[in-house]
């Protein structure tokens, strides 16, 4: 029982990341008809938004370290701490959640720039060409990030107060020894909120209505005289924000590096296919499902029976799903069936 | 039909529903060898559905479609073609990136090679016989001078002729034409009628779905009228012209 | 006309062979005539030519062909370890095994088309890569890569003299390193090109091009398209396997990174850059990419300063500042940018660019004949040169 619960928890945060990326991919695919291989890069850019905010907040002043008397030693103190003392320290401590404020507008701008500058020229081109051009873009963005931030993962930390582990065992009336990092719980919760927000946006706003109509029947919506172009840009920006937020909040879990997005992208595509191309609930459900499945497959008990299963489980599931149910778990009939 | 032996296409009791909509109800059709059979009816009457059932694109809920002694129901489109059914689509379905010659060579190869043949080391250009076959069909349709032209660059009317050539090169037992003059100018329409009349002289069995009454009455030996998924009248063009039921359902007197 | 085309093909074949064999001569002035690089040209040329048979002719975009490359490499190295250092068995086994895998994977992936096909191939490639890195370590030697050792049995070879180092791959006594290695790859490349030419000119090739043009029509024309696609998939998989074995021939080492999906992406770029669906385009694409990879990777800031030293200092620094991110370790940036530029502006690749220039020079726009290369955008017609 405990083992099962812990595996579910272990799979949650990864599943949440899959779900958020897959959600954006599906939005872009379902409404815009774009197969975006640069979507993983948006996740990565979000993560680097958090890194940038952290870097800016910790811009430091070099002062002489008076505690060292034997030789001249210097230490760096962030300006924020110099100016505001403990408040400054706290702001730095909360840099990851604070970065959200910065991530959202940045990702909107990036999304708009990407859609206006490149993607819109590819609505009428073949999927193969879409894949290739966005693949090229992804490589370019990655290399630019590598140029500025280096190739190594950058460690980021969650706020002090949630850096420990939550006593989930005690919470569920199980063993006290069962604990789970707070931040990963927060990440899962955060993703649920973001997903809820996206669904609410689609359900209750006129924009959302057009998007949903567009996903159902793109041609007709275009005929209704609705300014599709602008809606498309907004949808793409929304997808970018979702991916960016997923990336920014993920930084304390895995230190971001320039190719983190590409690795997740391949998996997220598989997630989208399993969920059903063009189905938003499908993407979310498949994201969590595969994340948790992956976590179960990496249990030693399972690996003993089928060695290597943890490495391939997601792909294997995707292959099986595509073959027996080409539409995916929740795919609608007629959407990209061929 | 008194003489059963020369029935080419035999549709018996075909039913098809989409969701709750009855698209085809109890369709029975017998098409005689060498005849041109027109299926007319208002939009949404189920004409295209019927054609799609015949070529294997759709499976009927019940009923059978027979080509001579062969059952077509349940077979894949390529199997049905191999049995001798060729089809012209409402919007020309050709190979736009290939030349006219290649467009016609492909169906000729299908007739010769069957549904699959692995011959990567055979030279296509060295095969004079099949080129001659394709060329003679192109000549029949007046396309011989454009044989090396890209099909994408042709006019819509010419594309339709290409598609017709692709079907004729297979000398099918049955040729299905889905609105062969839809969207054509009067001039192109008349040209198409002429071509179809020539084919008729060769004795090829044809089923035509058509809106244009001028085309129907110029070509058809026999007409079936489809309305709301059921055949409401059958007969020679003259009989149909005079049938009040048909006029009510569809034709609206003035057009005749 | 038939005779003319046959003659043209013969000429094309001879010219191709001559250009390839003469590589050590004409690559000399541009500093690319050393055997290692020329071997790469030939090997990736084979890879791209084979990939083109699938993607160029049928339009099915596979993102998993690097897996077959890896299978070819591993098989060849095992053949060197267990059987003999003679390259022929390795070549045959590697190609055949890649073909067997391509048959199995293709059979499954080709049940779907379009984007689903691409993702299925991607999934299989990632599975192979992940397995090669983890559970299959006894076969692949995991991260350390599969290498020759002194303890290898090599049952067909004579026992080596004690104290001798690792043996090198050979073809009936001729060592396959350096220039002989290149010539061996060149011969294989020319054969591979010949086979590709034959396929392009066969009824089989025309049918593949027709599948790309209008698969729906193919069904109503009486063709069962799946076996055709599978055949194309297996052929291109075997080409990839062959290229993989040659990699092992020139450098008897096989690592899993060779199977990564980015490696599959590279062959896609080669094919597109040269000209999708054209005969020699993929070869040109492969050559250009490998050449520039080699040149660009060697550049660094100092070299750039030297190159632009003829400019005033401010301009020199500016040029170095602009170009520096694209060279050396930044080669991937160039590659990505190239990818985009080609797909956006020249989807037909260099072959289309050349034919556009040729047309412009001749100012001969009134004659839209099928003989012209690339009259249509990325035209897959087998009638092209």
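Should a chain be cited, it is by its letter among A, B and C, assigned in written order, with residues numbered from 1 in that chain.
Operating definition for what follows: a residue touches a chain if its C-beta (ideal position, glycine included) is under 8 Å from a C-beta of that chain, and two chains touch if they have at least 3 such contacts.
Note that this is a predicted model, so its numbers are computed, not measured.
Work out which chains are contact partners of both chain A and chain C.
none
Based on CA centres, what chain would you say lies at the far end from chain B?
If we average the C-alpha coordinates per chain, A ends up farthest from chain B.
Using CA atom averages as chain centres, what separation in Å is found between chain A and chain C?
34
Please work out the Cα centroid separation of chain A and chain B, and write it as a whole number of Å.
Result: the chain centres lie 53 Å from each other.
Using Cα averages as centroids, what's the distance between chain B and chain C in whole Å?
That gives a centre separation of 44 Å.
Which residues of chain B are in contact with two or more other chains?
There are none in chain B.
Which residues of chain A touch chain C once you look at their complex with the stated criterion?
Interface residues on chain A, with respect to chain C: 35, 118, 121, 127-129, 131-133, 135-140, 142-144, 147, 262, 266, 269-270, 273, 277, 307-308, 311-312, 315-316, 318-319, 322-323, 326, 336, 338.
Would you pull the chain C residues touching chain B in the complex into a rising list?
2, 5-6, 195, 198-199, 201-207, 209-210, 212-214, 216-225, 227-228, 231, 235, 368-371, 375-376, 379-383
Along chain C, where are the residues that touch chain A in the complex?
Per the touch definition, chain C meets chain A at residues 59, 61, 108, 111-116, 118-120, 122-124, 126-127, 130-131, 133-136, 261-262, 265, 268-269, 272, 325, 330, 332-333, 335-340, 343-344, 347.
Once bound in the complex, which stretches of chain B touch chain C?
Residues 55, 76-78, 81-82, 86-87, 89, 93-99, 102, 105-107, 109-111, 113-128, 148-150, 152-153, 166, 170 of chain B touch chain C in their complex.
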